[in-house]
Amino acid sequence: MLTKTPPSLSDGTRIDDLIHLQTREVQLRVLADPELHRLEMDRIFSQTWLFLGVANEIPNPGDFMVRSMGDDQVIVTRSRDGEVNVLLNVCPHRGMRVCTTEAGNTPVHKCIYHGWAFRPNGDFIGSPVEKEQMHGHILPKSELGLRRARVKVYGTLIFATWNLEGPSFDDFLGDMKFYYDMLFCRSDGGLEALGPPQKFTLHANWKTAGEQSACDGFHTLTLHRWLGDFAKFGDGDLTTSMYGTEVSANGHSMRCPPVAQKFKKLGLEDKSIEEKLELLPPPGVTKEMLPELKRRLSSEQLRLLVESPPQVGGIFPNLMVAFIYVPQPDGTVVGVTSLHAYVPRGPDKVEFTNWFLAERDVSLEMKQKSLQIGIRMLGTSGQIEQDDSDTWPHMSRNARGPQGRLSTMKYQAVCNQPPRPDWPGPGHVYEGFTKDDTQWNWWLKWHELMSATI
Amino acid sequence: MLTKTPPSLSDGTRIDDLIHLQTREVQLRVLADPELHRLEMDRIFSQTWLFLGVANEIPNPGDFMVRSMGDDQVIVTRSRDGEVNVLLNVCPHRGMRVCTTEAGNTPVHKCIYHGWAFRPNGDFIGSPVEKEQMHGHILPKSELGLRRARVKVYGTLIFATWNLEGPSFDDFLGDMKFYYDMLFCRSDGGLEALGPPQKFTLHANWKTAGEQSACDGFHTLTLHRWLGDFAKFGDGDLTTSMYGTEVSANGHSMRCPPVAQKFKKLGLEDKSIEEKLELLPPPGVTKEMLPELKRRLSSEQLRLLVESPPQVGGIFPNLMVAFIYVPQPDGTVVGVTSLHAYVPRGPDKVEFTNWFLAERDVSLEMKQKSLQIGIRMLGTSGQIEQDDSDTWPHMSRNARGPQGRLSTMKYQAVCNQPPRPDWPGPGHVYEGFTKDDTQWNWWLKWHELMSATI
Amino acid sequence: MLTKTPPSLSDGTRIDDLIHLQTREVQLRVLADPELHRLEMDRIFSQTWLFLGVANEIPNPGDFMVRSMGDDQVIVTRSRDGEVNVLLNVCPHRGMRVCTTEAGNTPVHKCIYHGWAFRPNGDFIGSPVEKEQMHGHILPKSELGLRRARVKVYGTLIFATWNLEGPSFDDFLGDMKFYYDMLFCRSDGGLEALGPPQKFTLHANWKTAGEQSACDGFHTLTLHRWLGDFAKFGDGDLTTSMYGTEVSANGHSMRCPPVAQKFKKLGLEDKSIEEKLELLPPPGVTKEMLPELKRRLSSEQLRLLVESPPQVGGIFPNLMVAFIYVPQPDGTVVGVTSLHAYVPRGPDKVEFTNWFLAERDVSLEMKQKSLQIGIRMLGTSGQIEQDDSDTWPHMSRNARGPQGRLSTMKYQAVCNQPPRPDWPGPGHVYEGFTKDDTQWNWWLKWHELMSATI
Amino acid sequence: METVQQSAPVAAPQVEPRAPFRPHRLPVGSDAYNRVAEFLYEEALLLDDLRLAEWTEGLAEDLVYTAPLRQTRHFSEQHLTVIRSVKHFDETYDSIMGRVGRLTKTNSAWAEDPPSRTRRLVTNILVDATDNPNEFDATSYVLLTRNRFEESEMMVLSLVRYDRIRLVDGRLKLAKREIIVDQSVLGMPNLAIFL
Amino acid sequence: METVQQSAPVAAPQVEPRAPFRPHRLPVGSDAYNRVAEFLYEEALLLDDLRLAEWTEGLAEDLVYTAPLRQTRHFSEQHLTVIRSVKHFDETYDSIMGRVGRLTKTNSAWAEDPPSRTRRLVTNILVDATDNPNEFDATSYVLLTRNRFEESEMMVLSLVRYDRIRLVDGRLKLAKREIIVDQSVLGMPNLAIFL
Amino acid sequence: METVQQSAPVAAPQVEPRAPFRPHRLPVGSDAYNRVAEFLYEEALLLDDLRLAEWTEGLAEDLVYTAPLRQTRHFSEQHLTVIRSVKHFDETYDSIMGRVGRLTKTNSAWAEDPPSRTRRLVTNILVDATDNPNEFDATSYVLLTRNRFEESEMMVLSLVRYDRIRLVDGRLKLAKREIIVDQSVLGMPNLAIFL
């Protein structure tokens, strides 16, 4: 059964003992504790909205793909009515996995164990030998369907939650919606997945990746130092790119570095939004799409999009949003959007699931370019992220030591600047050099959910 | 120490919270909970009778084989007096494994660590350098022997239990003895193992296999659908073979499908028992052995043996009994008996141990035929059971999810027919199409033992 | 948090239920219990002195090597002042491993994640982009250094403990110092490591190796029986070498077998200490070094060194000291000293870390000879110890069974002889045939620490 | 009792003759050797690509295909470690065709549907001539890797195969195979694949 | 939509032509076969010894180097198990040179610094002639073992490589490589190494 | 201090000369190559079949048989990753004979009694000529699988061997072997077996 009150661990430790609100510290132990993992499954992954994939991965009725919500496996389907459904991949009869493949198309999901059959919307159709009514009469057929999660397709992104009565997806995003809309709702076609996600596993706790996704810009200077050696990434000094604005709310956050410095030569400073848009359309967007942007975004959003677009960050608990653009020899700029779901696989293991996205309505050639850049920089063999995925396991390992577990993760770099007066966006706004506030907010959200009375 | 009262798990869950007696449901969580596993080891595998092997596997004095009782390893020996002994394979000195091989013959079991020596009956002989009395004087030699389990050789089947004062083996079988005697005690020679068992491990909880062994006939229709493609198995429509009688007691059960339908051509219907025996001796039995059968079995048992022989089922907790017969091109029928012990190896792993048996007193050629059929249909590479062993791990995996664990296994197909008035056998008798009653009885036994006050 | 009072396990078992003081038995369960392991990490490996390596492994300032204290990883460094430092290999910023290599030389340890930098003594230097003060202002720099353990270099052996206020190293050794000094402090140069240690892992609980290291001489007769086949090891009858003196204190112990019997031909009996020293210098020591020995050791120590030198034993909790000497065809005797740290890697795994040592001031040729003998007899491929490392996993495995865990390890061979009246050394002294007392003392120390109120 | 002959020794002819330096060893690199190696590599590719029907074309109709059990015994009893009473496989050409039929035609051979991703890495090939100029004895090591569903760890099984390979109408066919697996308790849920 | 072509079939030319007994198979033991084998063994040694610059000398400048994703599908859908939209690797000569530059010159390619201890065990080599007398198609199996830090378990990944190897000035160079890994969810933290 | 030479470099002659394209490489498929390969395959079979006495017949009496330790070091310090002060093995012909004697004659070599089920999969063989026409340098990769008791997981260790192989009276013998294992912390309880 779920703990109904703020839980404590079998050794008497309370959640509040693990996170020090005054000094902004979190005990390393949280990265390797099986009991905490169990609680996270109940209090976070069974409660919040989780990202599962992109609408165009299952374009046609009957299409399905198998994804994960924490340690649970779900089937994401498109039903005849065109709706997206998210169903627990657990047969209501005896618990067998209903879909044994990763993807496909079928009008009927039939469990291979005893043949119970379900529609793509989860409805129970029946069991073999109809007249024998092998599903019995104790429960009505309406209660024998696949467990359905609550679904929201945001732009083209599929989210779901087990919390049927909980906050709406918009409330979940809160003040951050203003920023995410700039990425995911700016065009009519929206973003599409360029294929199924890459998947690989690390021996690390999911939170090592999760907390970093809350705008840990600082690690770039050292862990990704090599980027500095490539002139094409900024001017070679990564430090300058550490300045900008960070926004945060509800544990979500995004870094919005100013574009100008990156493209001095274009001399954008004294141009109008209109002109800037024409001169340098947001990478990944074509001039043809600009009217759509203007129609769909507010002038404030448009301005930020050209001046300080949301570039990298995360949606609590386990989604990373990365938008990178790489100036090409030919002067053009190729951008790629990547989403990572850090799916827990027990306390010491996480599955890195990595989607590459592009605007649906750009040319195939542009998509291919984006994809190639993405594959070379992010995910499995990505030259940037291969360093992250080799780092996180060390943190989890250290968290298993009797002294190591008592050590803390510190978030004591506090932003000491006021927000830019002209900043038009909502949420907590942190100005200047990247600091720890957004990551600390991530932990505050974790603390809120973990110690809530449910 | 053992929990002495109905136990509850560290999160406060009670056994009664996991099994819903009214709606005949069991929470999937029971398939993946380490605490429950620990309790099962103490309350089931340390308490009930367990199958370990066949007498002819250790024909001679000094012969031994190493087997398992739950997570404990035991040495099954034949001592000079011809008796079968079951000894904990743990040295009383410092806990080293005494037998490090799987089988062999020796008059003395000498621990390789410090040389303590034991007889095949477990008696402590002594330790090296007699005069130094390295076993000390605190305990008498009589208390330094290998821990002995209580043994019962039933027919030729070796069972043992740690519950020295508990129910006799006959009480353990209860009403089911009537049926098992028909298989295991019908002939003078009895069944013999055709060799050592096949062994292989699955990443599944032992109960996924255990509950199925309690006469889950229904899964055959779908999981083993391919059998229908082979005319030789019945008439191609597996549904018909789902009808018959199921009997159950103390958590044990057997399916007893009518033979007639399988062999219409023989026109058995209007024949007498005698005639039927002659026309179609129980597969695996030769005409020569019929007198033995008549001597050893009651007329009721004889009748069932020819009309509705016990064919497949299980002995609680983890023994599956499968008797399959395959009509041959030449009109003869080859039968093979197979026993599976589903040995727990922790909560997420089970060792599938598979014996093939035949009547001792049939021809070598007949044994070889039986064995070949068995190997091709059951066990490691068995075309029937390879589908089962690939299915069970999915159930355990699903049981680890925060939502999956809350899902239930349902046993709501309730037999609604009265027993055949002419059914001569004892126990709960379920008539007609296979239903879930016998499997539910299996869980009731599990519930009884798990919530008992010990 | 640490348990503050004598702890009990979640099933209600108390430490005192696991060890039976009257009958000198320990329940096998202690070899496989995850909860006990957690407690051992806090109550033993976070409290006592632990061996980490040898001074000459890091001869120069900036040299470092990564070692383990229980499940914690530490960096052993030599700082500019020549001091040896032991630092938790956990970054105070976010818990990343600071040293990712096993050894090297560097004036600055820079964490690859965000670039925090530390001196070889652990002092925090700073984080990148100085002016942004990314370490914040909540904690002073003095509190942002690497966690420092308390260090003692004993002879040339590096020990450390997390118990900053606890007993001194000398108090830790107690009466056993008298004996260890004879091995580790007898010469000016002291012992040096002949290279980095061999490392390999076994699936066994660390205590299977730990309790044996407390002078389990008896197992040699059986587990190492093959040694008897090699005349060069004594007279072929290993039993005689089981006689001698065993000394013990604080859980530490050493076996001190008389040399005489081993070298009858030399007719040492009636010689003086002086003469004996000349005739047969302690193996591994050259005649040239004798003056040093005489200067550094008391006459009692000198006498024991030639008559009954400490040969094999252990320092609680997890250090084995083995000193073997092998008479060569040419009549000389080659000796090698080996130290094993049995580093826990969870309840079911231990890392066998094996150093070979020799007196610094002997010839290179002699060192090479020693090393070769050592490699062939001890450690990874050692013909003696390969049998031990294959034995211990069986004990841990047996400890996982529901009956096996209730079985006990027995230490009931009690020494019944008075100490030799002429024995000059302190501590508990056990005379005659090897018995279980020293191992029992090891468990008493374990019991003391595990049930202490901390 | 024959059927419980746990003590059935490793039949001499099945191992001894494979001793090194025996007269009939065909040199590594000889034509016959190379053809046998090619046959074994192509066989592995067909099995790993699930081209089972094509694979059966390389089987002789008098095929004997077996996989004994293994048992852990003392050093002095190594002849007892290969059990040939009960086996993991005991197949003929017909039974193999039956298995292939189930896998490829029934659409319900769930143990391998979805199929495992397998790789049969064949090494240490040694070839011997036999009394029959058209038949060769081949010893080959195999490391089988097998991965199913989303498993992040690969199942691994090593084994040695003792084959009799026959030249028929210019094409090699497998006439006999004995598979000695290196585990006494198999670490996989079944052997629904061919070795 | 092309980019979501999960149903992009395993392009026929990439597998079918490798069928056994096809006309262009170059016999095991033939000169070309032996040279290709030697090339692959030496390549493995260079990669395992971290001699990456030397390794690049064996790459053609029009190199196409890719590693598709794998997806678990039903037996009847095996043509859908190799995904060529998103990949694990999608490289050219220039991008490989960039990767090698990062690994060998930046001193901060942490994913492989300290480097893994790797071993690329190459087996089951089959070679086919192509329309171009100077180019060969090579199929090879690889068992990759990878060990980092103090890990006591080795990471293991099996795969098959379909290479195009070209003879240039008497020296072989890799012109094309497609790597089919045997996992749908990789069991390692990254592919910071070459396959 | 020599004995703590953690910085003892991988002795140049032991690796460099094995560089690809060096003058003395004997082509894959050449007679010498094939004989060396056969020798290595037969050696593996003898070891896996526990025919240790026969195996020793293939050892030269001046044999030097070693297995250095490995240490995890930065990319820039790869020459420090092979430790040749302390080793896992440091053997001569006599010491090997002693080990074989213990394993085969004492009936109490428990570490391998009951014996492991092992398989030495030998791949990536490269052979070089030496100054001595009767001696060859052979590089070979080995994947060792090892399984004991009822373990359901196989122990796996990969390694490379640098051998010196000598032709004596028409028969090849092992004169020198250096074994470089791919782990810094071995994942097995001992090396009671030969590599």
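All chains are identified by letter, namely A, B, C, D, E and F, in their written order; residue positions are counted from 1 within each chain.
As a working rule, a contact is a pair of C-beta atoms (placed from the backbone, for glycine too) under 8 Å apart; a residue touches a chain by one contact, two chains touch by 3 or more.
Keep in mind that this is a model prediction, so the values were computed, not measured.
Considering every other chain in turn, the ones in contact with both chain B and chain C prove to be A, F. Annotation of chain B and chain D: jointly contacted by A, F, touch as defined at the top.
The chain pair from C-F, B-F or C-E that repeats the B-D interface, sharing more than half of its contact pairs by residue number, is C-F. Counting the residue numbers used at the interface between chain D and chain F, under half appear in both copies, so the two copies meet with largely different residues. Averaged C-alpha coordinates put the centre of chain A at 47 Å from the centre of chain D. Chain F has its Cα centroid 27 Å from the Cα centroid of chain E. Annotation for chain C: residues 10, 100-102, 112, 199, 201, 222-223, 351, 391 touch two or more other chains.
Residue positions of chain F touching 2 or more other chains, listed in rising order: 29, 72-74, 108-110, 112, 114, 121, 123, 143, 148-150, 152, 156, 184-187.
Touching pairs of chains, sorted by label, consist of A-B, A-C, A-D, A-E, B-C, B-D, B-F, C-E, C-F, D-E, D-F, E-F. Of all residues in chain E, only 15, 18-21, 25, 27-29, 70, 72-76, 78, 81, 121, 123-126, 139, 141, 143, 156-160, 182-187 touch chain D in the complex they form.
The residues of chain C lying in touch with chain B in their complex are 10-13, 17, 23-24, 28, 31, 218-219, 221-223, 239, 242, 391, 394-395, 397-404, 407-410, 412-414, 433, 435-436. Residues 108, 110, 114, 149-150, 152 of chain D touch chain A in their complex. The touching residues of chain B, counted against chain F in their complex, run 100-102, 112, 199, 201, 345, 349, 351. Those residues of chain E that touch chain A in the complex are listed here as 1-6, 67, 69, 71-74, 77, 83, 85-91, 95, 98-99, 102, 105-106, 108-112, 148, 184-192.
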